[in-house]
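Think of it as A, B, C and D in the order they're written, each chain with its own count starting at 1.
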Amino acid sequence: MKRPEWIPAILSIAVFALFWYLSKDFRDIPYLISNTTILAETGLMAIGMTLIIIAGNIDLSVGSILVLTACLMPKLAGHASAPVAILIAVLLGAVMGGINGIIITKAKLPSFLVTLATMAIYRGIAKAMLQADSAEVAPNVKGLDRLSLLGMPYPLVIFLVFALVIGLVLHRKVLGRWLFGIGTNSEAARYAGFPVDRATITAFAVSGALIGIAAFCMDSRLGVARPDMAPGIELQAITIVVAGGTAISGGKGTMVGTLLSWLLMYFVTTGMGVMNIKAEYQLTIIGLILIVSVFGQQVATSIASHRLPKPTKLSTKP
Amino acid sequence: MKWRELGLLAVVIVLCVACTMKDRNFIDPHNIDSILLWMPLLLTAAIGQFPVIVIRGIDISIGSIIGLSAIAVGVLLKSHPDLGVPMLFAIGATIGLILGILNGALITYAKIPAVVTTIGTLTLFRGLTYMVCGGDQIDASLVPDRLTVLAHSGITVREVTVSWLLIFALLLGIITALLARFSQFFGNVFAYGSNPSAAYLRGISPNKVQMACYALSGLTGGIAGVMFLSRFGNASPASAGSGFELLVIASVAIGGVKITGGSGSTLGVVLGCALLAVINVALVVLKVPADYQTLVYGLTILIALLIDALSRGVKKQGAAA
Amino acid sequence: MKHFSSLLLLGALVLAGCNSGGSGTDTSSTATNTGNSAPSGDTGEKLKVVFIPKDTANPYFKPVGQGIDEAKAKYNFDYQEQGPATADPTSQIPIIKDQIQRKVDVIVLAANAPNTLNEVLDDAKAKGIIVLTVDADLTGNESHRAAGILPTDFAKVGESQLELMGKQMNYEGEFAILSATTTASNQNTWIATIKEKLKDPKYSKMKLVDTVYGNDEPMKSSTEMEGLLTKYPNLKGVLSPTSVGLAAAAQVLENSGNYPGGPKAKNGGIHLTGLSTPKQLKKYVDKGVIEGFQLWSPKDMGTLAACLGTSAKRKKIDLKFGTEVDGPDGKKYKLDDKGVVYAGDLLTFDKTNIDKYDF
Amino acid sequence: MAAPALVRTENLNVELGGLPILKGIDFELRAGEVHAITGENGAGKSTLAKVIAGIYQPASGSIFLDGAAVTIKSPGDAIAKGIALIHQEPLIFPDLDVASNIFVGRMPRKATMVDHAEARRRADIILKQLGVSFDARSDVGRLSIAEQQMVELATAMSEDAIVWIFDETTASLTPKEVAELFLIIQELKAKGCAIAIVTHHLDEVFEIADTVTVLRDGTKVAERAIHDLTQPELVSLMVGREIEQQHIKSAHASPGAVMLSVENLVGPGYQGVSIEVREREIVGLAGLVGAGRTELARSLFGITHPSSGVVKVDGNAIHVKNPQHAQALGFAMVPEDRQQHGLFPNLDIGYNASATILRANSTVGWLNQGKLRQAALSILESFRTVYRNLAQPVSQLSGGNQQKTVIGRCLLQNPKLLILDEPTRGVDVGARREVHQFLRKQADDGKAILMISSDLPELLTVTDRIYVMHQGRIVGQMPTGEATEEKIMALAFGGKA
């Protein structure tokens, strides 16, 4: 019970059971597996966002990076093969994420404000570039979401693989350790000899690269890219990360939490979707779930740590 | 006036002069009206957001509070078309206050971080907005003239009208500025924002401060919701106040309220709102093509931020020498 | 405590919503398997029809839904409306997927973009679902839907709008267009027609000075309208072929007082027209801020969609491009070579008739 | 001693997070008395102070104020009852001015409105009594720690406190400032206030206190009048064993080659600094707070950059670009401000103890977790750090154990040069001795150590050579054998040796 991730895990199971009971359309495992293709893209964004938030930052521009990459990739890749197209998308995303990181670290500006501005800039570039047009995706990179590997659609496989890889980077590599330290106390991190700026920029760039992959998946799925796609997806990604127990103040969080939270959101949205619950109710429920999940983990953590003394922390209650 | 506000004022003035040089229309009374009309909603909500940011918090749900207040007041007008203007504002403010208290309670007593709480209530309140009106929009015929007139009449000086809405918002600003200077409560807010644990040890109740700040943000959001009806004459549950949260937070942050808490001024907030108003109206009147407006808007904000960072750097070096 | 109890109440409401949705799901599941074999007429298996508007909040789509809903007894189907919260090019995709999973028979869709839904619509088609687009067609991607129902002949909308504008401003002077977004395809079509028709000698004294975009946001639309008033002191007319834009423009114009007969009318004031539902603008027509504006009957479009969709599903008609089919009122409707069918004519609303409409 | 008890606790028990911290404490604080509360770190001294000041609530037992049983509900309640707690880290609001700091939460008012002029007037009166060099309009964020401490004193004075509790207040003050503080305490005592000082500085106890209460492991070991007690007796009461206070000699006859040499270095906060540190040598850097010592150390470690001058490592001139570079050169640094610059408070002890050796214990970036764990365990062990397990957040440790973690982390790097800035601030007597012996052992193993300390006995105990800084310049140096506290202080104040 020491790991607060059991809250989203239990919520996932509960939601799954609820919809399994309520809706026959939900009682369809192949459908549940195949329907993951859309949220897998958001999931890829949430993986990168986990790194950024753990390092004590935030990136509000992820949706705009997604859209600009999705719009630029077909233009630049033309009819190139899929691997080349992916590479281009990854590079584009990494550069945009990296630019965010560079401005934040070098100008010493809060990430919230910088990415608020780049959110408008990246989407603005997409709009200025395409205007009323759309970018057509070459036929050879279309339809990734219809191919499957081990019975799972490719986007889901990609999402799970990267969740694992980045999860390992976060919890088993030096970079991940640095990010936790930077998010906890960036000054102490500097004194401890962490390359604070470089690690922060790397986190943003890695997140950008993952968004590039998400953009590729999106292009492949839609066959076309438009500058007005996916508004508000950044909030969805942040919601997944935070509901998974990553502390918005930085220094605390796990990839398992993000993954479980993604699963929770997937069951909730899919279940509500096949039951045709009205969009406005869906909004309300997702807002509630975020609050419940975070509150639950807070309570769980405080219960778990209640047995430990906290002499340096002030408590307002005895 | 401090460094920070002077710098911001300079940026606003330079921008205005540059725009005027580009196009004389910029100082046309119509255009000044347009800039002045752009401000009141944003300013009202920003005034509430100001103490929240000072205590190291954030209220992202403000856009949905504006929306819910606008729609709820509109729905009420369906059944009670004769409600007086002060009553409408009082109702809007009360609705906002209740939502703000809900935010405050979740943050203070359930101890859920402010960002998380208010991202959650952003969608939650938006959902409630749809439920309140059953998804219907508030048609213009429901919004009485006595309310909309506030947006286009006021004090007119040389063809430029300072609308009642703006006067009201500025009054709120002045009251806030006075309170910030002369009230014990705001003293506590600044102290709490500067050093929360020290504030607690000095006998300031963190719960009271937090509850009050979020309640205040909700209150001004509720007022801004009624202003929304007044300014636009109609409201839809989807678009009323939607996206305002980013504008409000941007104007407070650009206005020099430290996002890490503890300092900031009402004047800065007013100037931050003015800067955003000037940029947004300039985009229109200078005929920036629609497809380029988002880009130019983003670049302007980024440049404003970088100038600020640069001036901070210069100041720091000056202090060290 | 009050807040908490209201939250609980909310939860209860939501659960109630779940239940009704669930039972709706359980009533008919075999329709797709048996429906085709025997042409049992409209008294046979109950079909499932779902309408997906651009977003849930757009009041324009209420009467479309009503039109479908009112036909449900006649054509024997269950009706549900399920829209996304925001009108963006991708938000309808998950909803269409959900409908496929729910095994509906007919999807009536007001697409947010002409080209982002192709893949998912093909999936629907493969499952035997009849997809009809209403209000906005999938221009350039017509093969991905069964038929496109437009409320009226869109080729004529631009012309009609220009004619109305011209009549109001006496066929002379400067006018501007306040549109939705730069990517809104219907509006772009109409604007293109307007520009083309302006070459007609009849309109030779009219000059289109600017086209601006309010993004269908109240704030942006208002600021753009105010900008027009500033930038063009000699402006005689504003045409806003989108309901959010027209409502915002009307409020700005009323505030400025510079409308025909208004308190601050200059050179006869600025004429305002465009497209919107009558209910939204009644107030401004009553006051004289707007003389007249247009729209078609969205409800008729809904009724036609219900008729064509269910009939096609029951194989009573074949929605072949370029043929004629029977409509709800016994009249014949012709699908053109792209499968587009028009539901009716453009209506013009003014002081004399606005009270007759309630949408 | 017949004066009545202003504050009295009876059988006071305090639990934090379910663990007993104070057990059955009977404590009396009388008017006109300076009462020292002393004991090792973790003995419960600060907890006792915090209970009286309303920060913690007792699990059981009673508190009497002026003979009447009271409940002190909150810090605010304590202030209202005339109890002032002066904290170890000054409790200040960096964004506010001095007057607002002093009157925070209770600004003087005129017709319900805050009267800033009156606040400044009253603040200035108090500041004048304290004899400080800043005024009520000054920005508190720009004051030195000592000055901020004075602001806190002024706050308590403005509250008309009758019970004053000083919690390790002298930890960040220079001797001169401590002397000034003691004068103020004497005045308070003369006015009839009751004063408790929480401290583990024995000199201070004997200098200022009338009575001393010794705590050990949450229980009261003794309460004695100060003149009934000798220093060694007090120490043995505190730790339960005798501790010697003698110079810790180097095992080598002479130090090795010059490891670090700084020539004429000019940078932010210091000018024309030339020093040398040799292998097997512990060099002390003495001076007042603000003399430029910390600034010099920060430049050596690459956090700030000198504008001119030369830094040589093993005879080669180098420019330290950043802390990573410094580490690559074999430098390690224990920063002055543990909370701000040293610790990752919410992260676990294992993380904190091994943060500097991540790269050394990884293969192409993948951490060797077993090795890291072993390293952390061994260094914590060799320092006799007290903790439950490596997964415990470091914020749960006592100050001394936190400091051991930070020093240990630096030693794990196996540095050639160890820079320590106030390494034993807030560390208790026993642990301090351990740290000193450990440092000597490190030096004997060949390391060069540069140690900044405001604690002169510490410098005299552990170093081989001492530089003294004053206003950004080196004003003298001497072998520790020839140094005395008086000599160093004279130089530090700008006089001649």
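FYI, a residue touches a chain if its C-beta (ideal position, glycine included) is under 8 Å from a C-beta of that chain, and two chains touch if they have at least 3 such contacts.
In this text, all values refer to a predicted model and were calculated from it rather than measured experimentally.
Engineer: Which chains does subunit A share as contact partners with subunit D?
Structural biologist: A chain counts here if it touches both subunit A and subunit D, which gives B.
Engineer: Of all chains present, which has the mean Cα position farthest from that of subunit C?
Structural biologist: D
Engineer: Using the average of all C-alpha atoms in each chain as its centre, how far is it in Å between subunit B and subunit C?
Structural biologist: That gives a centre separation of 34 Å.
Engineer: Counting in whole Å, what is the centre-to-centre distance of subunit A and subunit C, each centre being its mean C-alpha position?
Structural biologist: Going by mean C-alpha positions, subunit A sits 35 Å from subunit C.
Engineer: Centroid of subunit A to centroid of subunit B, CA atoms only: how many Å?
Structural biologist: 29
Engineer: For subunit C and subunit D, let me know how many angstrom lie between their CA-based centres, rounded off.
Structural biologist: Each chain's C-alpha centroid was found; their separation is 72 Å.
Engineer: Residues of subunit A that touch two or more other chains: which are they?
Structural biologist: 127, 131-132, 278-285, 288, 314, 316
Engineer: In subunit D, which residues are in touch with two or more of the other chains?
Structural biologist: Correct list: 55, 74.
Engineer: Residues of subunit C touching 2+ other chains?
Structural biologist: Within subunit C, the residues that touch at least two other chains are 10, 13, 55-56, 85-86, 182.
Engineer: Please list each pair of chains that are touching.
Structural biologist: All touching pairs, sorted by chain label, are A-B, A-C, A-D, B-C, B-D.
Engineer: Which part of subunit B faces subunit A closely enough to touch in the complex?
Structural biologist: For this pair, the touching residues of subunit B are 106, 110-113, 115-117, 119-131, 135, 197, 200-201, 206, 237, 246, 249-250, 253-254, 259-260, 291-299, 301-302, 305-306, 309-310.
Engineer: Report the residues of subunit C in contact with subunit B in the complex, numbered from low to high.
Structural biologist: By the definition above, subunit C touches subunit B via 3, 10, 13, 55-59, 62, 85-87, 182, 210, 212-213, 216-219, 222-224, 226-227, 229-231, 244, 247-248, 250-251, 254-257, 279-284.
Engineer: Touching residues of subunit B toward subunit D in the complex: what are they?
Structural biologist: 181-184, 187-188, 190-191, 193-195, 198-205, 258, 262-263, 320
Engineer: Spell out the part of subunit A that touches subunit D in their complex, as residue ranges.
Structural biologist: 172-175, 177-178, 180-181, 184-185, 187-195, 251-252, 305-318
Engineer: With touch defined as at the start, can you tell me which subunit D residues reach subunit A in the complex?
Structural biologist: 16-19, 21, 47, 55-59, 74, 301, 303, 322-324, 326-327, 333, 335, 340-347, 351, 355-356, 358-359, 362, 365-367, 369, 388, 392, 395-398, 409
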